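In the two complexes that follow, chain A is the common piece, with chain B as its partner first and chain C second.
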Partner chain A sequence: MDVLGLIVSVLYQFATNAAFLLLAAIGLIVILGMMNIINLAHGELMMMGAYTATIAFHRGIPFPIAVVLSFIVVALFGALLERLVVRRFYGRELGALVVTWGVSLIMGQGTLILFGPFMPAISIPAGSFALGLYSFSVYWIVLIALAVLIILALWWIYQRTPFGLMARATMQNPAMARALGVNTDRIYMATFALGAGLAGASGALFAPTTSIAPLMGQQFVAPAFITVVVGGAANVLAGAVGSSLLLSAVKTPVGLILGAFLGTVALLLTALIVIRLMPDGISARLQAIAERRVRR
Partner chain B sequence: MRTLIGLINGPEDIGRSQWFWLLASAVLLVLFLLPLWASEFQSSNIAYYLLNIPMALGLSLLWGYCGVLSFGQVAYFGMAGYAYGVIAGNLAGNTWGPLVGSLGGLAICAATGAIFGYFVFYGRVQNWIVPILTLVFTLLLETFLGQTAGYQWRIGHVQLGGYNGMTGIPSFQLGSEIFFGYPFYYFTLAITLACYLTCRMFVNARYGKVLLAIREDVIRTELLGYDIRACQLGVFVMAAMLSGMSGLLYVQWGNYITPSQVGLFQASLPVIWVAIGGREKLLAVAISTFALNWLNYALSQAGNEYAPVIMGALLLAVMLFFPGGIIVTLAAGRRRRERSRVPISANEEST
Partner chain C sequence: MTVDEENRTNVQDLGKSGEGSASAGPVIDRRVLIQGAGATVAAATVLSRTTPLMAQAGNQPVKIGFIEDYSGNLSVYGLQKLHAAQLAVKEINEGKTLKGGPVGAGGLGAVGQFAAKPPVISKDGTSLAVVSDGGAKAKSDVVFAEDPDVLIDSGEKGILGREAQLLSPDGQSNNALWQQLARRLIQQDKVDVLVAGFASAEREAIRPIVDQAKQLYFYTNQYEGGVADANTFCTGPVCEQQVIPGVQYMVEKFGPRGYTIAADYNFGQLTAAWTRAFAPLVGGQIIGEEFIPLSVSEFSTVIARIQQAKPDWVMTLLVGQNHHNYYPQAAAAGLKFPMVSTVNMAQGYEHKRFPPPSLAGMHNAIQYQMEVPTERNRAFVKRWMAMFPNDQYIGEMAQNTYFTMHLYAKAVRMAGTTDQQTVKKALESGWNIEAPEGTVFLEPGTHHCAHYIRLAVCDENHNVSFVREWPMIQAWWLQRLGVNLVRNPEYKQYTPDEDPFFSMFVKGKNKKI
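Take a look at the complex of A and B:
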């Protein structure tokens, strides 16, 4: 039995699942952590990123640049969305939920009407390599590395830049931040744009792995939302990382033994149990542990 | 009897004056006499608009009166439909099969709602978690039902049918009376009316007031001694059963059901109906459900690829400009105008 190959294969599956969940959910978590708003148009923003990357790629732009382009385009759209629509619903989370749902309906069906039911696909860049009996896709290794990079980049933004300082202040106490001169409106817009841009970039990154259709965002909706629910809003990065790791630890064995669909069902059951035990998500529990350690 | 009338005429829904009840009776009369000039096909369509009302009423109870948004009402719609199909299909020769099937469908909705609701409400989660989890549950249900194609996916001798859905579901019958065509229209009308009046009495009763208190301020209500978790769980189960009622009527109307009835777009429809009409008043929700289903039908006649865009745009416009809902805003405006007509002498009398 190829034990080494098996171990690497399971680790690879685990990392792939975690990276998938993290990339699918990071845009949502950034927005949720700042404004306590769930952006139900998240799937459609990912679709928009995928479409942008596809159109750019098939015009000859190299794929990495197409991904960056997707980030910028969807971030701008996110800023526009925030200014026009989402801004009016701060403090009314359920209203924001419903209104972003309306936006997602318009975006999804609008794309179908404008672009038709299919787009030409992007083939997975780079190939695969083999280790013993198992073969691994290089692209997914790249995605795993990118997921780690994005987390590090976000950590650096939030902890080492002036914008990050102002953003954290706004998250903790918006009124006090405003009193100290922070332009919270601009912080909200920038955060929504960042979250949207991350969603677009994720969509572009996932584009080679799936077929590109107007309703493709829907396949990411369930995993992204479960990740967000388990992660919670207390701490963006701790929630995202902790949640992805925990859920992947559940999904990988169940998925390997019982199949992909039951893997997703296991995710939902995990979410139900987690919210029963830690209602504010993993990030809140991690935050509490960190605070207790500081107090000692 | 007096208390019942008092409950129906309570303050928590639109319309208490004599004029209102006259208008309501006229509308009911028109609906009752509809089969005199409408064909069976047209009455069948009207029955379709009516049968979605219980589901919308359930969501209104949950969201408008209790403050808990659920995106997953269609899951119970679908569950009840499939359960009825399985039970009544397996009891095909039996005249009491459909009744048992209906009760079974409702029971499954109540049980699932209770289990799901236990995890959600007894965890005291934040408000935005419920819509997300209910949406995920619905999507998973749709995925599951979609992959049940093939002969091995059957319960008894009724196949689940995968993406093509379950066909040949028997119509409802009581004894020897099979409800199809005009009789089914009256059956739907009766059930919808019964559901509406029951909900209306419910919101005006004591439990309904507790729901409003929960919506306004959860901690205060709890400090006053009410077990909010149990109350929320109770409404959740009630909403699940109402959605199941709609699901039962649907399969008895069309004799088929597909997984798309539990899909993403269908999941958004009850939220759209309730948000546009006005989630805080049952009558507004009933009217908007009827009207929007009619609109949907008219749009699908004219080429329905724009239907989701129009629904989404309508939802957006209403949320931005009439946040309380169109009908609720109109009714509130009318009440304000009536109140301003009160003569000054009435105030002087009280001093």
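Take a look at the complex of A and C:
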């Protein structure tokens, strides 16, 4: 029973760590991976989602609906942000970096002024179950499933819908896409809004597990960037899935045996090595392997 | 009957003389200063010489420099402390002060001042009995009456007739900015006193600047202990006052095996070292410890390791927003080990922020938190909430800041001048101050305070109760090391490594016991 418990516990931690990285990165996958905008306001968009969900939840709205609501609210905010600010910085990566950083400062401190240093949190929905020595949170298992579902949905949108086709065309060659009648302006706005909305939804999903505070988004920024950058831009979705699985596969056993500190060190070291060996990320390597197979 | 009546008149007399001395506080204080401490002969001359100068400078405000974090990662604590300072300064300017004064060494004796009725021998004469608070005779009872409030008239508006002015820039949770702000307050604004610092890293960042300028400096935080600095007065509790009572209770109640999870910087490391060293003395042992970087916010691995170790209790020394996520995550994973801490709950009010039962089973040997069940504390909370109706909580360090401001004002009144060297000498006269937590005694030799410690427990519905009290625990470790800042000024921080005491009880450092 204890051996079974240990095996399930290791698998659970592996999946939890991977899902944490994936959910933290999910909005950034779209904005950084597809639009190549270094969005430093990513954490604050997640914070906004968490605040929306928390406020809605305390007004009596059921939690799942609150999550959907925060997707919509943050997506609308994202659209507005793109219209007013971000669109002026396409093609100027460093400019975008600085301006989104400014946006993040305004959002963080603005929230502190408006809502104070903390909000009452949401209790974690669902309970826990035990197996031998170990016990597990049902909510985290739901989060793992949702991470997989969201990735599948994103893949479907970008590979199987007309919008996805136009979006990929716009990202690859905007001039040609425009010539073929694609409204690239609208595509940019929709993509940014989608990325923002996903960040908001993942912030809302994390809300029960974390303190609801103006700077809560900061904890997600570094893991999100590491996941997306290690994944690479050749195929953002496959890259992010690959990198989160790899990073978790390193972090989980090291963390379990040697402690959280060395677990974090191992994760960062892996990221360093991967970027050194595969500058274009895991997805470029995956793509190269796939192409070789096709040629054979 | 006659005995009782006499008794009552005595009490009234006592009460009257008490009031008299309180309202004429400054005068008596000066007399004590001149007659008592020999070192203050110089102070007395300064006092008489500077009197005309003071009259000239009468309109100049007394500048109180105050740095805390009102934004950034630590703003949850900084905003509470700012409000505490603002409340205290307002009260000082309205002519109020906290009870207390320099009573010399003896600390707790001062409580006798507030006994409702003195002990008497019963009429039958066979046994010694005392009259309890309610008036009934008893074999034993606490001769102690609770003050409805400890705020009394100071006899003047402001300090020495000058307005107290708070200069309070925002440290933004940024150590480099803290240094700039400390320099600005000391060099440009020439503040009369500096009250500042949350994290130990912030204190250590500005202490060299403080020492260079010989600036009078108050550090009001709960911290890991060991600062022996002639310019610095530490008014918060330290490890020996909190770790030992807490661990002792956990060992008695839940069993010997403890597991420590701590923030990975000087505060967490040193407090964990204290826990490791002291658990064996009370029959416990630390079976595992883990230091967690401040950036970690996802705790599934940490939780699994604790489940594997199956301790009797867990010492949590978690700091900052990221770490606070441990509580809801552990609760969701069904972790039910009792917890003990020196920081959590009393400072970041995690039990108010997270829904029950995240903090169920949390124990903390606190010196203050908002729930302290005394009348004087309820009066303090009421005054606070009247000024800041939207505040969510009054934490440990907010209260420290509050009484520290009043303590400074009292010391200046005793010194008769804001001259910093004279005020420092005045502060080294064995001060007792009646704070909302209870009586606080500032020990002259170490510049640390003896505190009223209570063991707070959080239940499943996040209600707090207090299960054990220690009316006065000294900050004794620096005394053990022979620190006496009055005789030998020093400017350093001692760590447990420098005391063989620690290695004596923990055989093999960093070894799992």
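Just so it is clear, the second predicted complex is superposed on the first by the 293 of 296 C-alpha atoms of A that agree within 3 Å, B and C clash if a C-alpha of one lies under 4 Å from a C-alpha of the other, contacts with A are read in each partner's own complex, and residues count from 1 in each chain.
Operating definition for what follows: contacts are C-beta pairs under 8 Å (C-beta built on N, C-alpha and C of every residue); 3 or more make two chains touch, one makes a residue touch a chain.
These numbers come from a predicted model, not from an experiment.
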- prompt: Which term applies to chain B and chain C once both are placed on chain A by superposition, clash or fit?
  reply: clash
Message: Contacts for A:Q109 in the overlay, against chain B (first) and chain C (second): which applies, first, second, both or neither?
response: both
- prompt: Where does A:A271 make contact in the superposed view: on chain B (first), on chain C (second), on both, or on neither?
  reply: first
Message: Touch test for A:L97: chain B only (first), chain C only (second), both, or neither?
response: first
- prompt: Taking the superposition as given, does A:N36 touch the first partner, chain B, the second, chain C, both, or neither?
  reply: first
Message: Between chain B and chain C, whom does A:A222 touch in the aligned arrangement: first, second, both, or neither?
response: both
Touching partner for A:P117 - first (chain B), second (chain C), both, neither: second
Query: Counting only touches as set out at the top, which of chain B and chain C does A:G263 meet: first, second, both, neither?
result: second
First, second, both or neither for A:A153, with chain B first and chain C second: neither
- request: In the superposed model, identify the part of chain C that clashes with chain B, out of 74-82, 128-136 or 200-208.
  value: 200-208
- request: Mind sorting out which residues of chain A both chain B and chain C touch, each in its own complex?
  value: 109, 112, 215, 218, 222, 261, 264
- prompt: Where on chain C does chain A make contact in their complex?
  reply: 71-73, 75-76, 79, 264, 290-293, 295-302, 304-305, 307-308, 310, 321-322, 324-325, 328-329, 331-335, 352-356, 358, 390, 392
- prompt: Once bound in the complex, which stretches of chain A touch chain C?
  reply: 9, 12-13, 16-17, 20, 109, 112, 116-124, 127-130, 133-137, 139-140, 208-216, 218-219, 222, 251-252, 255-256, 259-261, 263-264
Field: Parts of chain B lying in touch with chain A, wherever the complex brings them together
entry: 63, 67, 69, 116, 119-120, 122-129, 131-133, 135-137, 139-140, 143-144, 147, 264-265, 268, 271-272, 275, 305-309, 311-313, 315-316, 319-320, 323
Complex contact set, residues of chain A against chain B: 36-38, 85, 88-89, 93-95, 97-99, 101-106, 108-110, 112-113, 215, 218, 221-222, 225-226, 228-229, 233, 261, 264-265, 268, 271-273, 275-277, 279-280
